[in-house]
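What follows is chain A paired twice: with chain B in the first complex and chain C in the second.
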Partner chain A sequence: MSRVSETGFSGLLDLPLNRLVDKARDEGGRIIGYTCSYVPEPLISVDGLVPIRMRAPGVSGTPLADTYMSSVICSYTRSILEFALDGFYNELDGWVFTASCDHLRRLYDNLSYLENPPFNYMIDLPHKISEPAISWFHEELKLLAGALSADFGVDTGPDALRNAIAKLNSFNAILREIGEMRKEDTPPISGRDFHEIVAACASSPKYLLKDKICKYHESLKRNDGTDDYRARLMLVGSQLDDPEYISVIESVGGLVVADRCCLGSFPGLAHIECGTDPLRSLAEHYLAKTSCPRMMEEFDSRIENIIGIAREYRVDGIIIETMKFCDCWGVDSGLLVSALRDRNIPVLRLEREYSLSGEGQIRTRVQAFIESMGK
Partner chain B sequence: MTAYFGGCDVGSTTGKSVILKDGEIVADAIIKSRIDPEETARLVMADAVSKTGGIDRVEDIAYLVGTGYGRNEVPFANENISEITCHSVGAHFCDRKIRTIIDIGGQDVKAISVRDDGSVLEFAMNDKCAAGTGKFFEAMSRTFDMSIEDFSRLPLKANRLVPVTAQCSVFAETEVVSLISRKKPPADIAAGIHAAVAKRCYTLARRVGVRPKVTMTGGCAKNAGLMQALEKVLHSEVTRLDYDPQLVGALGAAVLAMRKCDR
Partner chain C sequence: MATNKFSAQWLVDNAVRGTYWLENWLKIGWLGGKRGPFFIRSKLEQFPWMWNIMRANQLLNMVTRTRSGPYLEANAVVITNLVGSIMEMVDGIFARKSDTVLHEDLVPPEILYGMGLNPWMAEFLGIVVPLINQTTMEHYIDVAENEGIPPDVCSLPKSTMGLALEHELPDPVAIISSNMPCDGGMNSYSLIEQQYDAPAYRLDVPYDFYNERAIDYFVGELARMIDWLEQNTPGRMDWNRMRGVCEERNRYVELELDLWDMVHEVPAPMAAEPIYLTHLMFGIAQPGHPRGTRTMQRVIDLASKIRHKGGGAFGDERYRVILWNPPTLIFQDIFVWAEQAYGVAMVMDMLTYHRHPYIDTSTPESMLRGIAHCMMQGPMARHTRGPAENFFSDLFDIYERFNADMIWMAGHIGCKNTQALNGMFREKCRERGIPLLFIDYDLSDTRIVPPEGIRRQIEQFMETVMNAERLDSGREDD
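Right, the complex of A and B next:
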């Protein structure tokens, strides 16, 4: 059951481009939309560029997008195309994609063909994490840096990048601290509210939100927290940018204390180590830390990462949410379920569409899952 | 005074209630669901209470558990528990050797793997599609212009099976009309329909693992043709419970209510 947000951030999630994005534009910022965690955010934050993670809040069907993309393409990419065709992203100054999955590649293709955005860029992305792959990705980022400089006249030099990385690290450190409060026995923040904040931050110019986040962080320190839950849960999956999905899970007594989603705390908020060559540092960080099932030969590290987080946050069970037709997560989730069960970790797999639907069914499944754990 | 314990299963199609006393079933009721789940719950509980001979009001029940899709709407309920857990506990109460349940209700299908103590080990549910549910059988029986009871017995008269490929309720209806117009024997078409649903149940059951004993619960467990088709795809016997399979969810809720007070 959804409830009224108490974070004060909910108004930033109602529109694909919120009022803070408008404000940043009015102040001269150039807004760059992106759709994947492999896009190195600091590189599209330099010198007045403002990265915004693309969402399609309230999408109620994708009839136009279905004309161009098959209905067996994931509903996130179809929803973004639908909103693009509806003109919701007309204020964007550019888009940056990574070739992370075929569905996002088709989104890029269709966007180019149908909308021809002023700047539409695709970064190639290796499927392995190795020294040659990092070098390859580094070269890709150099090309993107060059394109950004050429099109927007922005400085993508080492100092500008160092500055952007430092700012993102400083911002993410606050979000990380908020997320870590969920380790407590009586977490001061619900999974729904935490997700709302993370999604709001990804959907807004961060420099316009930092004070608000800091104040919210301080207010949480004075919050006694809640022990009104039956089970501590971890959410694992792909693109999830609707806090109401977590609200449904929490309405039957689960408390989402940890997550591993594209827009969640792991690995998206990790600190970026900045070396002598910041672009190289970005290549290393984003390739190695993003932990997406699209990567080959990384299953073992992915599962260890998930189990490590589950233990750290003392979760009772894990919910794997996969979007229908997502090739990467669709394949990986089956293996994840088996691997987690082998380690006696209760796990529930939920398939979903991008926009929230079938709340009653989700509730029944999650409630039964919690009951099956004897909670 | 001996306490009474109740379970109220508010489903999409029917409301069910069971009342226990001294660990025995003393009353039960099934009614067609009203639009308002709360009204369904009130009526079906009142019906069962009137049959107990010992209590006059729902409020006299010591502990009441609500279950089913309308479980949050059961008035006087002390708590609500998912229908998955309730079917597991209910079937295990009827037969302690049950390890796999296929529950086919009005609008959903579930496969449940049961632990030795009757709790849920694992479960799988159908998605938003009504294929293979009670609604599907209702639509099919309308196409055959017969009652659902007669339709469920029709496959038992089949000489061979006419495959029905469509799983969608809407497309299946079209396909069946086409088969009837091609003069295929109705019993053979009905056998094909039931076989298709049984295969769908089997696929779901395989996701949780099929371990004997297997039983069917829910309103569709009364469908003899489906039971036969399921036994065929499972290559094993499907245990018929001694109690009305449609009431198993409500029974499980009542058993859980009783256990709450035993603790």
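Right, the complex of A and C next:
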């Protein structure tokens, strides 16, 4: 399988705010940056708002952010703060955070202190999926809707929300179909390329990408695919928005056919069921589907979900990639490794920084992992 | 300051120290006498940390060796009552095995007392044992890391996970935890639950808790927890018993506020361990216990005695410091040394400074609301949750209120929550002209920075920033 990108989406990942973001802005869109999968994208997509997942591509160091956040904090949050201090996000009209983890909460604090963005909002996200927690989150989304209406004058009413949910569902359905092509014996798309597309879609105004995605989807149907791989792998982990990381894994014969990470197909591309109250539907969907280790009481369901995907995609082994200093994934992955090994599923844990480094080590470890599976 | 050998005060001090030393042994011996030597021997094999608890007089020696008069006695009183409570807790895990509930350190046990259950704070050993033997937790940290827990996770949950992996925590009938105080602490309970295979309830504290909606939500969480405990343990809520616990706790708090009123005076008639160790044990680990009230009353009496005589707790108070973050467990005698070396009085710390002290005991609902306030807005809980203002507003309040001269930030390397505020911390202190020392260290692991390393950091700060004169030259033998 060719490891060189043929998707045509790579140019969209070179900058934190790409040319399509500029275009959307020129057309009158208001750009809202967000940093976590728990932020309900449809709510910040209504009435000309354009959600963009924050990235710091090519970050080469975080000296300024380290001064404020210290160097023992997750490098994703430090990289975002570094880019913010360097002015890369000056074109944003607002930020929306969720109180997901210690690191993102403190990124919000530091950003407020150092940059004081005109719209900087924190959603209070429960740590449980109980009925009272869903009601709490629902109330939180009402408050955010009110703040968006007040600050941007946008319509966050039920019809606008239903429309935004329908659009996102329709867009994600295409991505999901592309992702499901990887169930085949000869997948027409590599893990690297799939990740590039998903990351590009998260970093761009979706309405400007839909035609391109549809065309790409059609082109894949005509692709015979490849069996040039040694092992089918599943990637599990947190924030990953650099396709080259997967490229390194695939360079030694692995093929990533399923990805359960913040920017992967699971669970981010799941269909949102829209009931009579769209805000309530969003609260239910985002709280229940985005199963990050920051949620208490969900370890068992998370492991079952991972095993279910692994079976569905017929993976030979699972790679858990965790960001260094992330306590949620750090503790959880230790337990995940044991739980997966107990089920006789080969598993490799790789600790990583936000920006790609130590490619040689990754290659060696993945190669050894594949060999250990007898592939 | 230390007294001259063989002076009348020296003799009195040693008599006091000896009395409490003996009392501690009697308390330790009480457990042995009650349970018998064979039983205790088998438990020492099951719970090797008990050997350290039996060495509690090391802690007594540590905190009294250079102190004198009522200040020495206050320290001795605190240690002896600490030993009494620990022995009672240890006895509880033998005598009340079927109703022992493991609870997280920021989930206070009042409700468990009210339900007639026997609480055991999971992190208690990780906090108390290093006070007696500073390197003990390193074994448990290694156990957790060998099991795949990353080295950068806070060493307190790592110690607790290590204890759980070694099955050295008491077997619980149920586990209660929360999303406090940090991600590492919260997630450590996934491992603890697996190790003990006991049913668990997790309390969810909202991010922004200074509003009625958050309090309503959390009161609901507490009520659901009580229902769950009634279904999963032999415990049954007895609101009268609960009222008794809360009223005792209120009495303790009233006394503690009296102590604070004294401590804000210059020089402070009480400092360091009698302030923070008392709170750690009787404000956090065992609130609502009559022993806590008695201990605090005795500390106040001794502070009054010092005040009446004039002068501070240790005679030559030159600087007053606020300790931010939990105390340096691996360097327990930090303030014993700092008093001697520079005349530094530790007058307040983050864990001791609570803001919502009293619980309204008029109805079950009011008690739950009071406990909800105490938990959500309690020390550390409010500093590590919510926006950064929570962290800084208290700090600068107590700096003013207690007439402090400087802040020492116990910069525990595993506390990412506070490490991520370092830059803001420095700048805000600089704006206010507050001298600030960041102590780089690890809470429970001397291999990261040993106590000598902490001492060197303080010496450099005191001598270069505070231009302090060294008071203890030639006193190394004391």
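A few remarks follow.
What we mean here is this: the second predicted complex is superposed on the first by the 371 of 375 C-alpha atoms of A that agree within 3 Å, B and C clash if a C-alpha of one lies under 4 Å from a C-alpha of the other, contacts with A are read in each partner's own complex, and residues count from 1 in each chain.
Please note the rule applied: a residue touches a chain if its C-beta (ideal position, glycine included) is under 8 Å from a C-beta of that chain, and two chains touch if they have at least 3 such contacts.
Computed from a prediction, not measured in an experiment: that's the story for all the values here.
Of the two partner chains placed by the overlay, only chain B lies in contact with A:Gly358; chain C stays clear of it.
In the overlay built on the shared chain, the residue A:Glu139 is in contact with chain C alone; chain B does not reach it.
Of the two partner chains, neither chain B nor chain C is touched by A:Gly28.
Of the two partner chains placed around the shared chain by superposition, neither chain B nor chain C is touched by A:Gly87. Residue contacts after overlaying the shared chain place A:Glu371 against chain B, while chain C stays out of touching range.
Partner contacting the larger number of chain A residues, of chain B and chain C: C. In the superposition on chain A, the residues of chain A contacting both chain B and chain C are 351.
Only residues 69, 81-85, 108, 119-123, 125, 127-128 of chain B touch chain A when the two sit together in their complex. In the complex of the two chains, the chain A residues touching chain B come out as 351, 357-358, 360-361, 364-365, 367-368, 371-372, 374. Residues 147-150, 152-154, 157, 177, 179, 182-184, 186-191, 194, 200, 202, 204, 206-208, 213-214, 217, 220-221, 224, 384, 387-388, 413, 416-417, 419-424 of chain C are the ones touching chain A in the complex. For chain A in complex with chain C, the touching residues are 67-70, 72-73, 77, 99, 101-103, 105-110, 112-113, 122, 124-128, 130, 132-133, 136, 139, 293-294, 296-297, 299, 322, 324-328, 330-335, 337-338, 349, 351.
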